[in-house]
Amino acid sequence: MARKDRMSGNEAVSFAIRQINPDVMPAFPITPSTEIPQMVSTYIANGEIDTEFVPVESEHSAMSAAIGSEAAGARTLTATSSAGLALMWEELLLAASNRMPIALALVNRTLSGPININCDHSDGMGARDTGWIQIYAENNQEAYDNFIQAYPIAESAGVHLPIMICQDGFITSHAVENIELLEDEEVKNFVGEYEPEEFLLNPGKPIAVGPYSVTSYAMEAKKNQEIALENAKDAVLKVAKEFKKISGRSYGLFEEYKTKDADYIMLLIGSAAGTAKQAVDDLRAKGKKVGVIKLRLFRPFPADELATALKGAKAVAIMDRTESYNGNGGPLGSEVTAGLFRNKVMIDTVNYIYGLAGRDFTVQEVYDIFADLEDHIENGTKLEQFKYIGLR
Amino acid sequence: MEQNLNSLNTSDCVNRRNTVSSYNVKEMMSKKERLAPGHRMCAGCGATIGVRAVLRALHEEDHAVIANATGCLEVSSFMYPYSAWEDSYIHNAFENAGATLSGVETAYKALKKRGKLPKDENFKFIAFGGDGGTYDIGFQSLSGAMERGHDMVYVCYDNGAYMNTGIQRSSATPMFADTTTTPTGKESVGKMQNRKDLASIIADHDVAYVGQSTFTLNFNDLHKKAEKAIYTEGASFLNIMTPCPRGWRYNTEDIMEICRLAVETCYWPMFEVDHGKWNLTYEPKKKLPIEDFLRAQGRFKHLFKPGNEHLIEEFQKEVDRRWENLLYKCDR
Amino acid sequence: MRTDISKIDEQTSHQDLTEGLMLFAGGTSKQFHTGEWRTRTPILDQDLCRQCMVCSMVCPDSSIPLKDGERVEFDYDHCKGCGICAKACPFDAITMKEGR
Amino acid sequence: MNNGLEIRWHGRGGQGAKTAALLLADVAFKTGKYVQGFPEYGPERMGAPITAYNRISDEVIRVHSNIYTPGLVVVVDETLLHSVDVTAGLKEDGAIIVNTPKSADEIKPMLNGYQGKVYTVDARKISVQALGKYFPNSPMLAAAVAVSGIMKKDAFISEMRASYQHKFAKKPEVIDGNMQALELTYEELKDVL
């Protein structure tokens, strides 16, 4: 039975880790994810779990040790943020190409410079092409629920890929909010035992991991990895279905909020989705046909599904909480518009950059964006297709 | 001291025969080969001679997981789908063999503790890295793994330059060596700096065991150190000089002579640090001049041009200084 | 799911490669014959050989196998002809011959 | 946010304003409310001005932005009145609580013309009397609960006793002092509420 509680996003993820009791956790502290290894260490110190914690000397070593541990046959996780994820970059690629279902709790924080500890998605988005499954959370509840679903997704047959469970630094990681927790036993049964078929520590059955590959094999290996990532989409849905049975909470590739008859839709990721939903309620009360789509699964990217969901709208605001430095918009903007074009859904889009390095994103700004879209469609006001909001 | 058992004198057959039989070479060589033939290392490579010697120290009933830093050894020994390793093997990247293997070792602890592995099957953990992956780019990861005290052995096969990428200098490259990033020329006499003494640095991590060795004709010194390193609980480090005929520019068949000269000139001292206690494991009866070691290799050819005598003197001074320092540490 | 590398070559389609290019087997390099590289060949004089095993120890290519405690013929499928064994042999029992 | 209360805390790093905000979220949660408690994060160290927030509501809280139009402001350190615009956006039908030995009438002129209710609590006096040391957050927490009326005094006191018993399991001597600080705060505010 569900248990009502209140905790921060970091506490929630740590609590999920406690319930899963993974085999090994190598980690290096970095704000704002530091609390996770601290809390896990405390659980271990108190004898509540018997995970082996490896206090590595850098994030690069954290992911390196995680790959070693996972290849050895142990269920492994780590946690990081920002520069920590950037330092792991090489190893992120290897975790994926070696097909290691490692879980990573990413607490999103902007990348330097300037150095800043607050939230945006530049870390996670910077790692978007490393071959990891990426799932983003709106609040502590989703961070918790997503983490519980992480291993069942990553370890699925046909997937075997690492998974990043992301939440917004400080905004959810350090905010205490209400949450419903599952019982330990429910989580344990849901996640199950990890029983890899082949692993380094299988006596008499040696394996070799991480070859040098000549061109003749490398391209084929990359294609196989791509197929595995595509398979993750089904795994995400399948696991969500099972998860609903124990939690009553539904998850998909993305959440559609009042979009059915919406003329204007805001598409975004993470904690700002809650703010946008509040604004949508306020605007609906005034008769505005507006809605929100909150993307949950960013990798693999559900381009076709999003195009279908957006088809009926007159205009869409695509919200990126990171700058891509490509002169052409943010990553979400690029991918959504590519998906719309390929599906021949020719609706107006505006790609907004918001909330960089912790810049607050408010209900008022959501009102303003919807007003801009409406003005553009109704009155033909010209609107830049790529712009910043909340900028002085 | 074991120098009597461990003679390096290649001209004395009788002595050699005695030496060889003293640690039951036949038994040693009859063990199952753990590094299969068919790898793509250069003909005459020192690295695989070293790997074979280390793996022979594994007890036959024990399993092993080998980790490998990117380098010659890695790209040549596991080229898909050909692996030369009879044991489980993991290559991750260039700079992180220490961290990778510490993850494997921790997994072993975790899985054993949880009863997920058979009780009576034992695994040992050995990392191999070249001097690039060990002294330089992998130094942090190595230092971390050593400091945390994982029950593993990190073996550096030290051939004194980045051979895999084409003989660039490393911090293990000896002074004055001609490499592709310290080329000799009108304004250059090769590498300007002395080599880093990594074995001492790791010893100062206060690890369980550190051994420095190379190839002697009977491999007794290396064998004993490898066995101690593998079977001493905690973190251990072996630094093995493994000459590279291509980078050092000598004929492949001369490797054993090169090693002998390295040891007899005290360029490559043989020592161990066993739980903090420094032991000299071999002392030349008569220390040979460093030029004997240098002359044998093309990378030092420029030192023998007229007018460069002072460079050899300088090299000798450095060798002497380090040797005296080592004798002091070993309480000699 | 052990890997049979005889079923993998540079024509194999992607579906038939191993996951993550892992190899579920050990010592498969034996199936790659580096003896092809050899331009000089070691020859053993059985009469001079005292079975000291030095040659086997110094071989970088694991190409001097033992059987019943005695060294047997060179593994010419893999020997690259470096000549280390010939030079190291205390009894001059190995000579290098030009060619393969 | 409908039918909810938004609170902004002003304090200095190390004074416990963040802890007070989290404790308030805790207390409100116990009454069955939906809550949020979060600090505004920066690299600030001890002594620097910091801000923390609470949202308390009967409905699910989804907004994840800072609070710009609070119904209640709590100032944990009077000296902040000189440097921080503590009443910025504060609703005129709301209230502000300031930790100071001064009276509300003395504080009012320092609040940029704020016309809403002003309460003062001498948390230093209360804390020293109850705990022998200056920890302003228990008195300020009690004041926030009392002024906001988010829960009845009796329920609050019993919740806090349980909470302190849990938190100070290893330092039971602190529990009574903290409990006394809560009582004294209610006492001090009795006549103005």
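We just call them A, B, C and D in the order they show up, numbering each chain from 1.
As a working rule, contacts are C-beta pairs under 8 Å (C-beta built on N, C-alpha and C of every residue); 3 or more make two chains touch, one makes a residue touch a chain.
Treat the numbers as computed from the prediction; the structure is a model and nothing was measured.
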**Asked** Counting C-beta pairs in contact, does A-C beat B-C or the other way around?
**Response** B-C
**Asked** From chain D, which chain is the farthest off, judged by mean CA positions?
**Response** C
**Fill in**
Whole-angstrom distance, CA centroid of chain A to CA centroid of chain C, is 50
**Complete:** CA centroids of chain B and chain D: separation to the nearest Å works out as 65
**Item:** Centroid distance [mean C-alpha coordinates] between chain C and chain B, Å
**Value:** 22
**Request:** Averaged over CA atoms, how far is the centre of chain A from the centre of chain D? Could you give it in whole Å?
**Result:** 35
**Prompt:** In chain C, which residues are in touch with two or more of the other chains?
**Reply:** 21, 23, 25-26
**Item:** Multi-partner residues of chain D (each touching 2 or more other chains)
**Value:** none
**Item:** Of all residues in chain A, the ones touching two or more other chains
**Value:** 98, 206-209, 211, 213-214, 217
**Message:** Under the stated touch criterion, can you name all the chain pairs that qualify?
**Reply:** A-B, A-C, A-D, B-C
**Request:** Write out the stretch or stretches of chain A touching chain C in their complex.
**Result:** 97-100, 160, 197-198, 205-209, 211, 213-214, 216-217, 220-221, 223-225
**Item:** Complex interface listing, chain A residues touching chain B
**Value:** 23-24, 26, 50-52, 54-58, 60-62, 64-74, 76, 90-91, 94, 98, 200-204, 206-214, 217
**Fill in**
chain C residues touching chain A in their complex are 1-2, 10, 12-15, 17, 19-26
**Residue numbers on chain A that touch chain D, as the complex places them** = 6, 32, 117-118, 138-139, 168, 170-172, 174-178, 271-272, 274-275, 277-278, 358, 360-363
**Request:** Write out the stretch or stretches of chain B touching chain A in their complex.
**Result:** 63, 65, 67, 74-76, 78-81, 83, 85-93, 95-96, 98-104, 106-111, 113-114, 116-118, 121, 123, 140-141, 143-144, 147-148
